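Structures given as structure tokens follow.
One chain, subunit A, links the two complexes that follow: it is found with subunit B in the first and with subunit C in the second.
Right after this comes the complex of A and B.
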């Protein structure tokens, strides 16, 4: 019987602790959809959680982004939307697809890890844009940042490009590095 | 004849994956295509990623469903809870989550919830053992529309860092009939580093916050999620 459902393609850890970008390349077109699950932390020294982003095929523009979230620091509910890569509420955030935010080993120690899941639809469809749905969160709270930082979010973005997605890149804001035991797994969905 | 183990055994290549810090296109060894000869892809063989571990239904008297002796062989856990029963009369209920029979300690928690046109947010640094929750009503009020929850428990069998738990769920009719929160999502995590809180999770208890019983029509399934 043919295999169906979500199939693990690859798991990527944070490298040697100095990598500022993680990447899946050579993604095959044998699946209907893709899914990502991540448990991540940075090695920055910021006193507050920082954002991490994903780009498709190394493109840093052309994304429509919408997200809802909750933040402890700064207080309350937030909603962002941003069309076609125009400037967002803060330069660099919400312009590229924001997966979530998480802590760092300097400030948050062993409690710095955040979670995300993202489903990628139409990734091999060359007649339609690629669409991504995101759920993410980081619960360990922080009262010293003083900056609005969404820490639980539901996001959605569309990449205005019909090219097949063959690679995915993951970066932190301010070029922070990934911790060694950060982990991102890529799944492919087989079936209808 | 020489034999390149890393070209034929995908697990070897996978374990050597690393991020890149400078090289614009990454190291050749990081390319997914490297593994294709190892047979990771393709339609034949393999097993599912979401593996059902156990399913439980209510007994009509207890407010708690528990899964015990959870094996440590997965990457993450996922719980699906479908609440079809009529145990509540009038009023909201919540779902609370307890790990390893934990007592009271601090747990960070954030969530958003809503019902058109309003939405709400909450956060706490002093949770006892309550997890993220939303308000739901019984099937007797909400009709044939069950309340559904998905809970993800990450790093449940890893002892080196925190275990984020992510929650999504709701019942749209709850919002419609009562103007209460019908959909919600949130994240929770321990905010202390006691070894008991970083140890493996082997038991998960899911309780109806009001004390109402789980009924036979209610169904909760625990899945183990694999990585590669």
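Right after this comes the complex of A and C.
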């Protein structure tokens, strides 16, 4: 039996606290799948958790998105989708490839962090579109003792492109910055 | 370098079979993890495609399923619960989502449904077991796809020695891939 598996490729943090985009570059084509795990927070001052997105090879369009989630406060069950930039019947902003949402250090302090895991299929397969499955969530509360807000979210998106993925970018909505201690790790699953 | 998941087996479909089967699974790990990138050859609209997953043991078994689907058409459809029980050799424990008028995995060849299915403690003998699945598929410009997640219990007490994946319409399209990994708790 092969002893091959789940290999860390790279880890990055949120930079100096002013970075609005984080990026993995030079992703090798030696894996079957990729996996991301992150614990992230923004430095915005929004009262509510905000969304963060991931783009592939710096492309900001050409994504199909399907999401479902459940919030303790602030929306209840949610379901969003869009097809190549066209929002579904009840969709709003979710034209972007969403990973999740999280709070910020200004409003939520140390409870502002959100967690995500994403598995990236067919990232080097030039016969298939790249698909990303996502599980994410948060549990936040304002530092002033405000309402506890929690959410779990599952979803996936497809990048309508067969090019090999060599870079991944991460941004917040409204161009918020990443906190210095945000942390994202990229893994590779060997599979051949 | 951490080696927390071991590749145990690989399968790539050639388009001629509706089944992908993993036999004689070694009882060398605690947990099984399947990564699926799959599509059916069916192009029949309005025909639903299910993926059946059978963790085979030496004794009859059954499964309970709680699934959570969303599709593009019925946006509010976020809490459909399904269940499946029985003692047949084949039980549907994962149902692939599809749209109400959809073409399942669609006619666009580059779209694949991508799923992860975990069977924790697959090698235990003496306790029933559970599973967890999440993933989704998106099809072509006509329709669409869904995210889904499912949890369930499998009423088997013996270790899993064989896992079978089967689509009930068409075959696995050529290039469909399933990888099986194992992980250990210590």
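Everything below uses one rule, namely that the second predicted complex is superposed on the first by the 168 of 192 C-alpha atoms of A that agree within 3 Å, B and C clash if a C-alpha of one lies under 4 Å from a C-alpha of the other, contacts with A are read in each partner's own complex, and residues count from 1 in each chain.
Throughout what follows, a residue touches a chain if its C-beta (ideal position, glycine included) is under 8 Å from a C-beta of that chain, and two chains touch if they have at least 3 such contacts.
Since we're looking at a predicted model, the values are computed, not measured.
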So if we stack both complexes on subunit A, do subunit B and subunit C clash, or do they fit?
clash
Kindly classify A:162 by the partners it touches after superposition: subunit B alone (first), subunit C alone (second), both, or neither?
second
Between subunit B (first) and subunit C (second), which does A:6 come into contact with in this model arrangement: first, second, both, or neither?
both
Pick one for A:131: touches subunit B only (first), subunit C only (second), both, or neither.
second
For A:114 in the superposed arrangement: first (subunit B), second (subunit C), both or neither?
first
Is A:16 in contact with subunit B, with subunit C, with both, or with neither (first, second, both, neither)?
first
On the A-aligned overlay, A:154 touches which partner chain: subunit B = first, subunit C = second, or both, or neither?
both
Of the two partners subunit B and subunit C, which one touches more residues belonging to subunit A?
B
Does the superposition put A:139 against subunit B (first), subunit C (second), both, or neither?
first
First, second, both or neither for A:37, with subunit B first and subunit C second
first
Considering only the listed stretches 99-107, 135-143, 153-161 or 171-179 of subunit C, which one runs into subunit B in the superposition?
153-161
Intersection of subunit A interface sets (partners subunit B, subunit C)
2-3, 5-8, 68, 70, 77, 135, 154, 190
Subunit A touches which residues of subunit B in the complex?
14, 17-21, 25-26, 30-36, 40-50, 75-76, 107-112, 119-123, 125, 152, 154-155, 160-162, 164-166, 168, 185-191, 193, 198, 225-228
Under the stated contact criterion, what part of subunit A meets subunit B in this complex?
2-3, 5-16, 18-28, 30, 37, 39, 41, 68-72, 76-77, 109-115, 117, 135-141, 151-152, 154, 177-178, 181, 183, 185-188, 190
Where on subunit A is subunit C touching in the complex?
1-8, 32-33, 64, 66-68, 70, 77-81, 83-84, 88-91, 119, 121-122, 125, 127-129, 131, 133, 135, 154-158, 160, 162, 189-192
List of subunit C residues in touch with subunit A within their complex
1-8, 10, 26, 28, 35, 37, 68, 70-72, 75-79, 109-116, 134-136, 138, 141, 144-147, 149, 175, 177, 179, 181, 183
